[in-house]
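Shown next, in structure tokens, is the structure this report addresses.
Every chain is named by a letter (A, B, C and D) in the order it is written, and numbering of its residues begins at 1.
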Amino acid sequence: MATQTNKPAFSGIIPPMVTPLLSDNLSLDVEGVKHLVEHLVSGGVHGIFILGTTGESTSLSYKTREQLIVESCKAVNGRVPVFVGITDTSIEESVHQALVAHNAGAAAVVAAPPYYYGLGQEELYKYYWSLADQVNLPLFLYNMPSHTKINIDVKTVVRLSEHQNIIGLKDSSANAVYFQSLCYLLKTNFSLLVGPEEITAETVMMGGNGGVNGGANLFPKLYVALYDAAMAKDFARIEELQDLVMEISTRIYTVGSYGSSYLKGLKGALSALGIVNGNIAPPFTTFDEKEMTKVIANIKDIEIKVAKVL
Amino acid sequence: MATQTNKPAFSGIIPPMVTPLLSDNLSLDVEGVKHLVEHLVSGGVHGIFILGTTGESTSLSYKTREQLIVESCKAVNGRVPVFVGITDTSIEESVHQALVAHNAGAAAVVAAPPYYYGLGQEELYKYYWSLADQVNLPLFLYNMPSHTKINIDVKTVVRLSEHQNIIGLKDSSANAVYFQSLCYLLKTNFSLLVGPEEITAETVMMGGNGGVNGGANLFPKLYVALYDAAMAKDFARIEELQDLVMEISTRIYTVGSYGSSYLKGLKGALSALGIVNGNIAPPFTTFDEKEMTKVIANIKDIEIKVAKVL
Amino acid sequence: MATQTNKPAFSGIIPPMVTPLLSDNLSLDVEGVKHLVEHLVSGGVHGIFILGTTGESTSLSYKTREQLIVESCKAVNGRVPVFVGITDTSIEESVHQALVAHNAGAAAVVAAPPYYYGLGQEELYKYYWSLADQVNLPLFLYNMPSHTKINIDVKTVVRLSEHQNIIGLKDSSANAVYFQSLCYLLKTNFSLLVGPEEITAETVMMGGNGGVNGGANLFPKLYVALYDAAMAKDFARIEELQDLVMEISTRIYTVGSYGSSYLKGLKGALSALGIVNGNIAPPFTTFDEKEMTKVIANIKDIEIKVAKVL
Amino acid sequence: MATQTNKPAFSGIIPPMVTPLLSDNLSLDVEGVKHLVEHLVSGGVHGIFILGTTGESTSLSYKTREQLIVESCKAVNGRVPVFVGITDTSIEESVHQALVAHNAGAAAVVAAPPYYYGLGQEELYKYYWSLADQVNLPLFLYNMPSHTKINIDVKTVVRLSEHQNIIGLKDSSANAVYFQSLCYLLKTNFSLLVGPEEITAETVMMGGNGGVNGGANLFPKLYVALYDAAMAKDFARIEELQDLVMEISTRIYTVGSYGSSYLKGLKGALSALGIVNGNIAPPFTTFDEKEMTKVIANIKDIEIKVAKVL
């Protein structure tokens, strides 16, 4: 391996921003984007990640995705780095979207494996290496095996970390052994971010660089405080905040059946708190009235508790 | 259920056409499309299905997909019905692609489930019903659980068959119990096509309506003859032809490791026979030299045997 | 490959016998065994397979398994060959059970892969070769990937077929491409039996040797007639009988939720028809009253239809 | 929920003891058991768990399992609590094995879900409740979805925790979100132990009660020290020890292909260090010479590093 120059390092709480939609469930709610960006930036987040799984990227038309890139970067206006998801089954579309991101002023792009065909690790390695060659922004790998059907194996990540343009990985597998293996093998010059907010505290304490946590759309300050507490190894504070994070996890994200319960719960709660409306793009739909009643009651209750500790 | 008027019925061998690409592995090889269409139509196929899994639809840019729709329909020029894959994670893009297909003169559209998020059956049902409402061509369901992570359950298919615009299903699960259940429950007014060519003969004999067989890109007449023999219940002929189909399956599609071996073998063999070039879009690449040597030798051998029985 | 002497060949309908249990859901109902064996033998079956998945083998104590082997062989009394499941995670227990089977007069043993650890194909190959060396009855492989987490790959089966003591395979994968590949590659000197009754007709027509069909516990004559029709390629008869097989499949095996619905439906129907009682060993339980009411109504209705065609 | 009396609480490092075997790969190496028990007890472990996945329980005959229970309890002689795995597909055998454990003086039994049939959560709940009723030792649930095909869902665990005789859970899923959910919902009166040693430190810091860590067979003092450091929140010490744990994980457990690499690496390393011989029961075999050479070199190297920090 040739000597590498330092890669740009990112850390902290970088929420995977939900995509505010108009009532047709397809068109971008531009005012909603502006409002949500303000909510996040004023909440102290260290970056914003748009067009991820929480952002419903794959459900949006390409036109809408591009519009979101432009509007988000404009609203953020350089105050924090913007990360843009370019996950796609077509590498040509990924490269194009990275160009749009670059032109809009984004800081980095993020790509999960192509998710239609089943790939082997060697195929995946070649794919990412080629993608990294073709985009002119730093690239984050995005491990999301439940959705892409493939795990980016530890050995593959280590090999890919040698590419100058691949600067980190977001892991949404929830597999803590996987994450610890990466922390151990890639101690320097590579940003390791974790998806599930339930484990941001423990991974940060063990060497992780931060969290791409959906719940930070609701209460950015809560997750920033948890990250700060984990960095400071302030266990009393961690325990207090972790309890609230777990309350959100267990009372908001699991109200419905199916895996979509997380997204429906999150957007439902955002709507209940008046942050942005809760419209969801197909193939999903918003919760029905009975489920929403529950989400509203739970999030209002949690909101009070969050206010108390911040 | 209200009385239904008759739905358009499709049957026979409808090859999932490979997409000929130029040497950049991205751009459409328009001359190749014309040549392949002639090869297929003159081979007696009953229809052509473009932009399926074999057609690398998800690996192509949207511009290329649209170009392929237009060029294919032009080349076919009404001689056989053209089926257009509109599988997408964004319903807006699916609907748009169906419009392009309609304008180009296609006969029907084909959609696998949205393949990023994990869906529940009820969510899948609503998705398809809504999609069928929005497209102005008849819609085939496309069951492909290995790639989409969800099986369109028998009960869901039965419910969806009540939609006037949903006229059939292509099943690529290889699960013969599933296929027999559909044959039994949907005996009339619904076209049931099978993907894997290894089981076209048996499913047609048991009530299936035909095969969407990749190998028909190579030898369209072979698969048409097998279909005819199955319809005629001519067992001596079936046995003779089935052996050749199995030889293609076991000597061409499994040369490499990984699931991509089918596509690489098929495109490699097409190239070896001089039908179209073998370029493959990322995330895949063509076989390496050692594998190609094997594919070439095997397909040349098979070609001679096929010529003898046709 | 050295020249092989001929292996014993088995074909036809070989029901996977349910295990009649007393009301403690643990002890063998010896009278039930005798009654069921008579029901099957007088129904014309070509063999009886005990201690398979339908026989709840893994749920029974070893003492009960041995008792069942002895009692079944005694009741059959040489009229048809008895196949004994020896599937186990401990090879020592498998070998011991094969010895019990041998001493009781069984014709062959049947083993699915060890089903706790995840194995690789090479490990599986070595395991089966060693097992075949150690048992003194002919051995059938049993492919059951949904339960054992591993598919016995086509290449592994072909390699194992070279063992003089491995004489066939029962495939319960429902994957017809897999089955056709085996039919093509192992045309002679190897018995290929299919598990799911929904596809016995088509696999027999394409070269398969018979069916290990759970529904034959209910109506042995129906499945024997279907096998005969498939062998005779009598399509009118196949269609008539296949419809009844599919009616059993869709109206008896899918009454409950969960994968256990097949077993609960089958035992419930056997009880409703007065053939044997419907007790089920843990971890399962019999259907509740509402589900049983449905099973009873459906099977009574089907019984009348079956009587008409036989 | 009725008021519960306090349940026995277990915590700390409780190694899943490997099972020393003679060179027939089947019979218990009784001297090896005694030697290994001394190695572990003198290493300061807080308990010993026999007949788990690392203990090859499912590969052993019942006679050998019982012998191991008796010999282990005798060797331990009350110095630390002994946990006995009773995982089985037959509840009758599980209950019997629990009785043997009770008579031998074991402290608790541990059961993973029955692992042949696919169960639903409600079926799993009833199974465990019934099992807990029938055993006369406290019962630990054992979540091992990769081997049993079913996750004991959070809601199911919470419901089962209401049984007086169900006192804890060992989680080998590596899913840290799952573990955090249990930590949050079951803060008191329930022992939560984690399987993978790579995450013992972080889970203990977040409220977990200890680790059932395979590597503790090699270096019990290392894992006890890590547990102590995690309890003391001594981060400098955690970092130093965690690095060694990760070195074992990445250099010993992943030498071969296949999932069996962990077990083969662990037993190979134990043999290299002269602790116990490395014989493995079928369906597995020991590493070949090339792999063993690597394991030996790596573990000797690690041994020196471990000695330095303890």
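Basically, contacts are C-beta pairs under 8 Å (C-beta built on N, C-alpha and C of every residue); 3 or more make two chains touch, one makes a residue touch a chain.
Only a predicted model underlies this, so the values are computations on that prediction, with no experimental measurement involved.
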Chains contacting each of chain A and chain B, listed by label: none
Counterpart interface for A-B, drawn from A-D, B-C or C-D and sharing over half of its contact pairs: C-D
Reference chain A; chain at largest CA-centroid distance: C
Gap in Å, rounded to a whole number, between the CA centres of chain D and chain C: 36
Intercentroid distance (Cα basis), chain D paired with chain B, Å: 49
Pairwise touch network: line, ring, star, complete, or other: ring
Touch relationships between chains, expressed as pairs: A-B, A-D, B-C, C-D
Partner chain B, residues of chain A touching it in the complex: 26, 53, 58-62, 64, 89-93, 96, 113-120, 123-124, 126-127, 130, 146-147, 149, 257-260, 281-285
Chain A partner contacts - residues on chain D that touch it in the complex: 154, 174-181, 184-185, 196, 198-199, 201-203, 205-206, 233, 235, 242-243, 246-247, 249-250
